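Given below, in the form of structure tokens, are the structures.
In the two complexes that follow, chain A is the common piece, with chain B as its partner first and chain C second.
Presenting the complex of A and B:
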């Protein structure tokens, strides 16, 4: 036995949140062939009827592409500093398990030697309602990184699609129970056997082990030739988290802002002296794999990848993590 | 003075040092009164007034912008104003497509002797701007409904014999030492074949989208030595520009031209370069489709909207921009060592992916490719935010074709569109 909600009742629930002025983020169709996680303008815009893998990730709810950290305003005889107000209640609906799992992974980074208040404030306002996957595509590999199409990590609620179009509902946190308090739930039998997901494609531990003693290896140069350093992989990855700090303003007012940045850019490691420790694309590709499968695990005890496949789907040149690491682990 | 209703517009005038600035000076010394709303910024020459300065003025709150310099024939540097005029023609079309309010953008020729004209122009612009009211191009409500789908061509059949022929050709050039690397397509994407035994990794199918010319600018690929490259007819146009701009030594490059029946991309619908024209060897053959749509239908669709709707449409598009610069990285024509977007002294384009920074980037990118973009659509294909950069590229390509009979990368004998000018360039928009 479990609790269920019909698709119509779920939409009504979402419409109720929107009517109450809550910010709800979910997959929406941007143009033919492209879905993105974005704030919903209406409950009807939410893509619920079929499996879609949005081209972006949900990290933007806790780590926006651009955010003011603080600002200044210069008056006649004063300088006023102000904190950026960031707390906001945000509901994410329609995340996949590979999206939801990104948040606890990011929590570790933003609370390591320095507790990032701005990140933490945003994080506290987020409720993630995931939908279990019923399909996957060639680039998906959640099952290779310890997740699965119905893994609950990072989710406040999990909706499991039923054959009748509705969902079995698993409420996993008080936040989610609060949001579903008004929902029309029905008791019923479990909908269907969970989808097992893609077959495992590689072993991340093997990738880490290879990385450990192959820093100088022709492998990297060979596998990075096609990379044009566009950063689409990192910007659409749910757990890539590098940023740049910029000051923007004029003599009267301005902000210090944090903007996304990525290891695939030549400018990322360029020193003021002109020296660039990662002065070719092979070094940058190697960095991305190292960070995810060797450095992050060394420091935080888990890999920096949820198997979503976005890096490969978005790479204009057919790269991404999967094709490279499968080469590593298949030797 | 006219009735202002309390609204004092800010008008930025970018003027050249030798004519309009002296004209303004003369107006002053002759005690000719003109409204104090204008902020004059003096630059050496209109040829040095970058389109992004105009955008910058709007960013920081200008309600109208004037760009003014020496009359044709009077340029202190000989031809700076002619070069400027050609760029303004392109810039105006771009701004028109995006939906900027063109009544806010003014151009004039004012000589050192024309203090009176300076007074008149400034007075008129001020009055007109007061009547229009304050301007904030960055305040549009994004329009989210997608456009009707663009014409799409089905992918054509690929000649299976062509793939074999390609592999044979690759093997031959590698074995003979004619090239050290063959840049071609593999199962997942571009491959770089250096050993004759590996030529079977080369494929030729309907997924050969990439314009491989972009790799010729990458130092990692240049380091591999002399290259042979697989080119479609559309891609080859990039080679023509790159050679014209001294980026490649064409004789050192071996081009294997593949006839193409379409890769199922929007650009393929109106493609008239199904075969390469200047390849060193050509494989297979292909015919242009019998009924080719107009190349610029997508621009017509946009222009059919009201300017405010166009602005709302592009606001929604640009709002999605992440400033990842994937569009730039894949572009075969974007080869600058340091892109203007990565320069911060001065910072012409805000680095942040907020609305103003994104508008500035998209306008700069399009303008820097005016007359150079070969329409390969790699930028649009690569954009992870699904932004239709093509619409901006096509706008400028159409202007180049209609006004200057120029199509980038079609005729190797033609001088570059930007960097040359004609005394006949249209100037009905200049006062």
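Presenting the complex of A and C:
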């Protein structure tokens, strides 16, 4: 037995949140062939009718591509610093399990030893309502990294699509129970067996071992030949979190801001002396795989990848985690 | 909210220009409570900022016993350091830290100390030298070999002469061939060979070697020939950093975040890490 909600009633619920002034983020069609997670202007814009993998990820709600860390004002004989980050309640609806799982993975990074309270405050305001996947594409590989099309990790609620167009509702946190308090839910049996997802495509432990033991290996250079260093893989990844800190403003006032950065850029590790530890694209491709499958597990006990496939889907050259690690894994 | 990235405001209380493009600055916390409570370990680093231009990472090059100030040293080479260069005594800049770990003084106690530095690498050695001199009885003989391309590129020159006056301290200054001036009284040659000529027995020594990669590469075999083991030879890495607190994802050398697990490593540790620095 579980509770159910019809698709119309779900839209009515979302419309109610919007009417109450809440910020709701979900998949919307921005142009033919491209969906993005973006703030909803209306409940009708929410893509609910078919499976679609947005080109970005929900990490933007906790780790925006640009955010002010604090502001500065320079006076005649003094400098004044002030809070500049704005925190708001955000509801994410229509996340996939590969999106939702990114948040508990990122929580570890932003809280080991030093607590990043800007991240934490943003995170505390987020409720994630996921929709289980009913299909997948060639780039999907959640089942290879310990997740599944209906994995609940990181979700406050899980909606499981039913054949009748409605959803079985699993409320997993008090935040979600609060948001659904006004919802028209009906009791009923589980609609259908959960979709099992794509067959597992590789073994992450094997990839980690390869990255560790083949630091100097022609393999990386061969793959990097195709890489244009655009960083699309990192920007659309749910868990890539590298950032830059820059001042934006003038000599009188401005903000110190955190912007997304990517290990695929040549200047990412460039020293002021001109020395660059990763002075070629092969080293930078290696870093991305090494970080995700060896370094992050060493530090935080789990891989830095949720199997969403966005890196491959968004790569202009057909690279990304899956094509590379499949080759590693299959020798 | 406790904001990890928000710096302390520092008053610049002194500026020393060392070369045509290197300065060191003395800073005092504007907040008296912070000034009274601030502690760091020699060898740790900070992130320094000029508001409107951004942040850069430098070692804290003063001794932790100097409670009235901290010091840092930089070369004018980019956007932030150009802005720092223009600041004057009395003006305000930003500092956050201390970050990373310091030098392992407990392990160095009772040993001879060898300090080998090249060029702008002097500041992270300078703080260790002062700290060692302030705890002189804890250590055996101290040998300092410091070199730069030219006489004009040597930093903290006045302090080199001061250190040489201490008992059981030997200071050797050198410049690359062609870098000497007519009145130059130091050695002419590169740090590794000058150190070898100094004939130091490194068997019971801890060595701190900081400088350009080529200097380090040539120095290690010399140290081993003079009796040192790589587990007693230390350096301070300076991978590019933004956050300093293990989050921004760029300073890792293999699986190790230099900002958190470094910046101080032995060459024995580095030997087991991939070449990623």
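By our rule, the second predicted complex is superposed on the first by the 324 of 331 C-alpha atoms of A that agree within 3 Å, B and C clash if a C-alpha of one lies under 4 Å from a C-alpha of the other, contacts with A are read in each partner's own complex, and residues count from 1 in each chain.
What we mean here is this: a contact is a pair of C-beta atoms (placed from the backbone, for glycine too) under 8 Å apart; a residue touches a chain by one contact, two chains touch by 3 or more.
On a predicted model such as this, the values are computed, not experimentally measured, just so you know.
In the overlay built on the shared chain, the residue A:12 is in contact with neither chain B nor chain C.
In the superposition on chain A, A:109 makes contact with chain C only, while chain B stays out of contact range. In the superposition on chain A, contact is made by A:242 with chain C only, not with chain B. Shared-chain residue A:2: touches no atom of chain B or chain C. When the two structures are aligned on the shared chain, A:134 is found in touch with neither chain B nor chain C. When the shared chain is aligned, chain B comes close enough to touch A:319, but chain C does not.
In the superposition on chain A, A:260 makes contact with chain B only, while chain C stays out of contact range.
Once the two complexes are overlaid on the shared chain, A:32 sits against chain B while remaining clear of chain C. In the superposition on chain A, contact is made by A:294 with chain C only, not with chain B.
More chain A residues lie in contact with C than with the other chain of the pair chain B and chain C.
Chain A residues 244, 246, 250 lie at the interface with chain B in one structure and with chain C in the other. Put simply, chain B touches chain A in their complex at residues 60, 144, 146, 149, 186, 188-192, 210, 214-215, 218-221, 320, 322-326, 329-330, 342, 350-354, 378, 381-382, 384-386, 388.
On the chain A side of its complex with chain B, the touching residues are 29-32, 34, 36, 41, 55-56, 65-66, 221, 224-226, 228-232, 235-236, 244, 246, 248, 250, 257, 259-260, 262, 265, 267, 280-282, 314-319, 323. On the side of chain A, the complex with chain C involves touching residues 69-70, 72, 74, 77-79, 81, 83, 109-110, 112-118, 121, 212, 215-216, 241-247, 249-252, 254, 256, 258, 261, 263, 268-273, 275, 277-278, 283, 287, 290-291, 294-295, 298-299.
Contact residues of chain C toward chain A in the complex are 1-7, 9, 49, 51-56, 75, 77-78, 81, 90, 92, 94, 212-213, 238-240, 242-243, 245-255, 260, 274-277.
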